[in-house]
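Dropping the structures in below, format is structure tokens.
Each of the two complexes below includes subunit A, the first together with subunit B, the second together with subunit C.
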Partner chain A sequence: MSSIIIGQYVPANSVVHRLDPRAKIVMIFCFVVFVFFANNTLSYAWLTVFAVASALLTQIPLRFIAKGLSPVWFLIIFTFILHLFVTNEGTVLVELFGFQIYSGALIQGVAISLRFFLLILFTSLLTLTTTPIEITDAIETLLNPLKKIKFPVHELALMMSISLRFIPTLMQETEKISKAQASRGVDFRTGPLKDRIQAVVPLLVPLFVSAFKRAEELAMAMEARGYQGGEGRTRLRELVIVKRDWLAMLAFALVIAGLFFFRY
Partner chain B sequence: MKKTSSNLTKLIILSLFGTISMVLLFLNFPLPFLPPYLKVDFGEVPTLLAALIFSPMAGVIVQLIKNVLYLLFTGAADPVGVFANFVAGVSFVVPIAMVYHRFKGNKSLVSGLVTGTIIMTIAMGFLNFYVLLPIYSGIMGWEMSDTAMLSAIFAGVVPFNIVKSIIVSILFIPLFVKLKPWIKQKQTAFN
Partner chain C sequence: MKKYQTIDLTYSAFFICLMAIGSNITFWIPFLAIPIGGVSVPVSLQTFISILAGIILGKRLAAFSIFGYLLLGIAGVPVFAQMQSGIFVLFGYTGGFLLSFIVTAYLAGLIIEIKKPFTKRSIFLASLSGTLVNYLIGVTYMYIAMNTWMGLEVSYYASWVSMIPFLIKDLGLSLFITFALYSVIQRLSLLQKKHI
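And then the complex of A and B:
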């Protein structure tokens, strides 16, 4: 289990990596909305060029990006084939196994699967170039206005950071416990379904008990260091918007303006 | 002083429960006879435990953390699915915790699990019909008729949710019985 690399973050020192995570989140959010405005060849081509250029700018080897997309390849291809056989607009192009493939279907299929591809590619750039902890920090500051309506933004962000920090620790612990249980003869792999599900119980009991112990220790350690909630707390990592971020957002705004120029 | 300390501890416990949910997602238990899309994850177990030890709200928080973690780690490939998972978890756990906190005891846990399963299945049916399937068909650019959606719900969504809750229940009942004395002790420490 230790071989599982959790998360998708690929370290590098590209422009995209150094962008402020808040800027990245805002841009991705806008992109997701504006992709649906593309409606002709030119506007799709424009967005594709932009998304591919952004992906290249990250300096992440393409195979990592492709790996991030792997769970959705099937869906993209499925959407394409579905449109190919279901839509019947335009002229008949070819006849395959008794099915007629129309020109309209081909165009529709390409457009929809391309839109799907662009959405996934662009959103995956966030997790490829930003560490989970940076994303959490960014979400915290973006949600700050919600504090006015008493939404516990700080507490949730703190919980997220603690959870993230303990993922490797608890994975190791789970592995340790499952090995310990296996050495006592617990069998996770064979037997009837019900037995196999219940074999997880001796794995979970120590996991939960130790979570409580850890929590008590961590709470004590935090209070010994003077933690008293979000009020007036300073940060280890300050997020600052610099010129680079403004330039990136300006470029993004131009891309969107271009999209509206190219669509009809 | 004592109060803030136990609040902070509670907050950390809920975070760690969220982490356990996430870790359990990576444990793949090979389950034959089930189609591959039916991914069995025990992610709901920590959520359920938090809701029973503390309050229904605690369960909602653990579920939220679990889903945000998942979103951060899978690269937001399917935010709609993550949202669906959140709603499913909440509609499963909250009724169970409400029934349990009202009557206590092992019997109320079983009736809670049954209630939770029914409410979750109904809620997910409605959510799929009015929100999820229209969004998916919007993204796919494929119009789905009402009858098509209904057949997808009754053939896919309803059995899936029932099977999933049965699996979670099979695991949770013995777990809860084992942990019960310990939970009693923790509950007195935190209330």
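And then the complex of A and C:
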């Protein structure tokens, strides 16, 4: 349980860790868009080299990166196999149990799975090298222009920070409640379906009560300390863009330019 | 536009936490998997919690809260089902279901606002339409995702057929729980009107 609470962040002191979280978010969103422009072997190879190089730059042990990718291996392999049997372009390579596997299918299967792999590898670098708090701060500053259209950016960031703080607490609470109810004889494991679903109710009611009680106490405590919204607030952690971030973004722009160069 | 009070913000923050727990409820109740047509479908309470958010927080705040939940998941906190996180979850087959929780919460809040006073009937309507909209957007998104960036050709009909067991499960579950918790929800919504 404790491993999930920390999330995926792996502490280290690499270049990627020290980059400004806003720069990282912008680059990753651009990468997500531009991956779809790759259309031949060279452009895919170029992006793969770039993504793997960035992963190596983070100095995170490979097993952590692999662990982050583990829930999606299934998706990648499934997509690949589905493509093998669905697409019928090119020449027939092998016949398997009455299915014909075409060369076009093989190529497309590899391309789509590789695209997935790249997307997932690169986006997981953000969460591997940046703490959720940093990302929340970065989202707040990146969304700042939306304040012009009266979108409550500060409130959103505050809400996310509060829930970040209380998710582990409420998870422990859930565990405690389920044990307490089990010791009173609530049976979550056996019995007909109806009874099992009914057993969720004695879990949910105390959970809601506890959550809402905490919410009220927290609001009271915040107001007692003079909290009054985003206007004129200063922050503990200021995000500053330095030369390193500009260099990283320049390098990224060159990679994207390279992608368009290799495309045809 | 009315400014949010502190209590609005703390309530919606705790709804984010409840969403995170509801998505992974089988972690604490591991044997709560429902057999439908021979397939064992793990339960998640996401649809129910987002409907409840709509009922208790009201349409605007509820949609805002679920939006915060999605952003938190994108930021890498493992709040999605099966403790997943990251932007690619939204690009996967089931990303549309996550996105549609915003609409589900908004719709549930809207129905409760229109259908005053607060009765069993309005709760029934809110959960029913919430779940249906959840699947309408979710399955359509799945269909679009498969046929565009996943590069698979699957018919719209086939994507619906594959999701029917889940639809039955979620529909049954959210209706059942909203009714089982009817008196609790009623009192909560009264309590909330006093504060917010």
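Definition applied: the second predicted complex is superposed on the first by the 258 of 264 C-alpha atoms of A that agree within 3 Å, B and C clash if a C-alpha of one lies under 4 Å from a C-alpha of the other, contacts with A are read in each partner's own complex, and residues count from 1 in each chain.
Convention: a residue touches a chain if its C-beta (ideal position, glycine included) is under 8 Å from a C-beta of that chain, and two chains touch if they have at least 3 such contacts.
Predicted, not measured: the structure shown is a model, and the values here were computed from it.
Colleague: Are subunit B and subunit C a fit on subunit A, or do they clash, once the structures share the same frame?
Modeller: With subunit A as the common anchor, subunit B and subunit C collide in the superposed model.
Colleague: Once chain A of both complexes is superposed, is A:L42 in touch with subunit B (first), subunit C (second), both, or neither?
Modeller: Neither: A:L42 stays clear of subunit B and subunit C.
Colleague: Just checking: does A:Q108 make contact with subunit B only, subunit C only, both, or neither of them? Give me first, second, both or neither.
Modeller: A:Q108 sits against subunit B and subunit C alike.
Colleague: Tell me which partner A:V72 touches in the superposition: subunit B (first), subunit C (second), both or neither.
Modeller: A:V72 contacts both subunit B and subunit C.
Colleague: Based on the superposed arrangement, let me know which partner A:K150 touches: subunit B (first), subunit C (second), both, or neither?
Modeller: A:K150 sits against subunit C, while subunit B stays out of touch.
Colleague: Answer with first, second, both or neither: which of subunit B and subunit C does A:S163 touch in the superposed model?
Modeller: In the superposition, A:S163 touches subunit B and subunit C alike.
Colleague: Same subunit A residues contacting subunit B and subunit C, which ones?
Modeller: 4, 7-8, 71-72, 79, 82-83, 86, 108, 112, 119-120, 123-124, 126-127, 132, 135-136, 155-156, 158-160, 162-164, 166-167, 170-171, 174, 188-189, 193, 196-198, 200-201, 204-205, 207-208, 211-212, 214-216, 218-219, 222-223, 227, 229
Colleague: Would you mind writing out the residues of subunit A in touch with subunit C in their complex?
Modeller: Within the complex, subunit A contacts subunit C at residues 4, 7-9, 28, 32, 36, 71-72, 75, 79, 82-83, 86, 108, 112, 119-120, 123-124, 126-127, 130, 132, 135-136, 139, 150, 152, 155-156, 158-160, 162-164, 166-167, 170-171, 174-175, 178, 188-190, 193, 196-201, 203-205, 207-208, 211-212, 214-216, 218-219, 222-223, 227, 229.
Colleague: Within their complex, state which residues of subunit A touch subunit B.
Modeller: 1, 4, 6-8, 68-69, 71-72, 79, 82-83, 86, 108, 111-112, 115-116, 119-120, 123-124, 126-128, 132, 135-136, 155-156, 158-160, 162-164, 166-167, 170-171, 174, 188-189, 193-194, 196-198, 200-201, 204-205, 207-209, 211-212, 214-216, 218-220, 222-223, 227-229
Colleague: Which of the residues in subunit B come into contact with subunit A in the complex?
Modeller: Residues in contact with subunit A: 4-5, 8-9, 11-20, 22-23, 26-27, 29-33, 42, 45-46, 49, 61, 64-65, 68-69, 72-78, 139-142, 167, 170-171, 174-175, 178-179, 182, 186.
Colleague: Flag every residue of subunit C that touches subunit A in the complex, lowest number first.
Modeller: Within the complex, subunit C touches subunit A at residues 1, 3-7, 9-14, 16-18, 20-21, 25, 28-29, 31-32, 34-35, 45, 64-65, 67-69, 71-72, 75-79, 82-88, 91-93, 149-153, 173, 176-177, 180-181, 184, 188, 191, 195.
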